[in-house]
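Going by the order they are written in, the chains are A, B and C; count residues from 1 in each one.
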């Protein structure tokens, strides 16, 4: 039997997950990785830490230098896949090259949304903040400019604000939403973070939209004007679905995949930020652009591509983010009854209904949060636990003796 | 692979495993010198309530959620043992979010810490196993 | 009140340079002698609560603790010791009987320590136990007077039931209730692995331990706790407890507070009732009554199991033993005045009974003189502390010894003699679940096996040194013993010569 040809479009987390899974099952087949960026696989969330000085380009590498060699991958850097010929099973690149595949994985990730604001072209220094190159370009400019306007007070916008905070800048974040991190926090949680950001000299302008740019002036919908030197656009990201869409595959907001990461086209898989999939905590289908999910989807795709029947059906939204020393961990969906406790430093809210934990938000003392995450993922019936105890203190004590013996003693429950 | 297993039937909640763990991660030979006036931050931690107690430490899972979720690649699985490159870790706590046992915890310098079966300090039996006075913690192969 | 104050006997000394405030001493002291002060972040101790059990000392990971005898003194007085004075204070305060645990600690002569063992030399070569077979096996039970043959000349099987032991040592009676389940499990498992027996004591046999029945002596005491036909048939032998060395002449009392769950079920009494063992068996008022009970038990078990009668060593122990030897019992167990107990009145424990060495010598001689020595095997106990004591006891005439205190020491006992409080920090003499946990039978039974294996080896070495290769040849072999520092009368009673003779 001829060796399979695996082709992966993308070189980030989902791609790495797929490579590691494929090589568990198939050491002979060839793997070609087509990477638009010109870098060894690196961790995108680390770009703000790079600016902060907490890491460097070497430590940012997601896998060791010999990763591609050890896993026998051909790496095509700086190449863009432009079209997929489904009938001939070919990927056509920007330089006209054709790459043939038996199994194809689309791990193209997402791209930042550029909002169609009037006058955006007139802004001299404008950046998005998703790639390593974005970060390096931004850093260069910060040397001589110190009024920074960040459009967006979500995950990327605030991490950018933190990243540049040590560079002698004055930062203001503008967001249409009335509160920060509105996608992952509730009202009280957002307020805590807003206070914390203000204490750390980040100005916030919430519930406002930028109506127009006039070079270095941003005019808000309220008429107020903000003077700035550098603009960072962090209003959201959009899954990169065009490749598959043009090839006739099913897409919505993201590429539609099943729990085996298969697209609607045979032998084409998709994983990571470019997809949408089932969020088991809410029952909704949506893109869940999170690194752990990207890895696990990549792994799932890789397993199925290399002949194993493997299912990943436990995806939930989850986030771990630290801002100026305050840590936030969230997961799942915020619906149902709530358990709530807070003091001056910590905030915890659990959401549950129908005997299941749906989601949680924790700010401050995030110890053992993973125990809650597992309850959501595994859909553990809450009546099999000491629920009162686990709300107050996440721990294995809340489980039954038999469960504990299984978890800690390797004894099947 | 040999792992650390805890039998809550024999755990006395004496917390000695925590102190031996903390001692193991210092480079001192004498425990009194190593831990005097120090608030310990052990990688094995006791949970106790109403006369039941047991120690929880990293299970070194075969399908480790922490490794899969690690955004820097600092968490890796080497010869079955899940280890941390503390230099690479930037303290995002995605692993704490992922671990279903609550075995990963923050440490003072920002990076995370968890049981690494004492492979970085000495070979042979992990210190918590040696220090348990009642045979509640064992180091053995259980076919997982 | 000032007149009631008694200064603690012991002081806890902590080396603050080594203390890392791990608080294990606080967590593990059932008497709450240690405390953590959260404001100054220091550990302190209350000496009045310390019973000198060494739990904290053994667990402290930096060895920062030690217990010393307090040097707070009364004026020196050869007649009124500190102890005598304090006991009066206690009784003046409480009006109660003083209670103590474990064996007599008073300064009476220890005859084992004044007896020396022979060794072979020159004319009578010793035996190398590593090269020659050494027989430590013994069989306990009545031995027929002679070999009998049938009309065809074949041997008649007239041997009564025997107990087979791999070495002449058994674990003596300690009841379930005075010691914990985990202690019993350790004893049972060790006995099974070693090929010897342990004794249930008067608390009955827990149902989970029936599987060790082949290595169990089931005891029938004056309270008849836990006695039912299955119980009797489950053991390898049945022991009728007539007396106990630590408290001759009186019975026993386990307070209702200790009679919960399993104890109540095993003893077959309602929870919370006091378990009182009366002084006499109320159906035994003469030697004929004893004979009746012996045969009732034999009937109940189909004459398949030897019956042991256990007595305390008292002044006329020889006469009593002589009667028992004619009662149909197969084995007589004698418990000397140093024997241990879970709780007994102090005065009875310390002033009643006689040393086992003298009792043994007397009984052995009397039974031989009357020609009934073979009717019974003799088992002795009451502070057998080492393999040397075992050898000396056998040479004085015993078939086997019982060890109690020595076994508990192997399990972790530190002889703090506070068993009667029920707060044994080592998980032995307690029923509190959180304390019983501390004795892990997986660890405990191994230590017992180690101890017995070591003793067996030492016994072989000593026998080899004497030029003897079996326990049989050592039994009653008083020529192998010499006394030192004993007077004429003592030598006469022991039946041994003085060293130098």
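Just so we're on the same page, a contact is a pair of C-beta atoms (placed from the backbone, for glycine too) under 8 Å apart; a residue touches a chain by one contact, two chains touch by 3 or more.
Predicted model, so just to flag it, every value in this text is computed and none were measured.
Remark: among chain pairs B-C and A-B, A-B carries the greater number of C-beta contacts.
Chain centres computed from CA atoms place A at the largest separation from subunit C. A simple rule picks the central chain: find each chain's mean C-alpha point, then take the one closest to the mean of all protein C-alpha atoms, which gives B.
Our note on geometry: subunit A versus subunit C, Cα centroid distance of 71 Å, whole angstroms. Rounded to whole angstrom units, the spacing between the C-alpha centres of subunit B and subunit C is 44.
Averaged C-alpha coordinates give centres for subunit A and subunit B that are 29 Å from one another. Multi-chain contact residues of subunit C (touching two or more other chains) are absent.
Taken together, the subunit B residues at the contact with subunit A in this complex read 3, 5-8, 47-49, 52, 54, 56, 59, 65, 68-69, 71-73, 87-88, 90-102, 104-106, 142-144. Every residue of subunit B that touches subunit C in the complex is listed here, in rising order: 9-10, 12-16, 19-20, 23, 30-32, 35-36, 38, 51, 131, 133-136. On the side of subunit C, the complex with subunit B involves touching residues 17-20, 22-24, 27-28, 58-59, 61-62, 64, 433-434, 437-438, 440, 442-443. Those residues of subunit A whose C-beta lies close enough to touch subunit B in the complex are 17, 43, 45-46, 49, 54-55, 59-63, 291-292, 295-296, 299, 318-322, 327, 329, 331, 366-371, 373-374, 378, 389, 394-397, 401, 404-405, 407-410.
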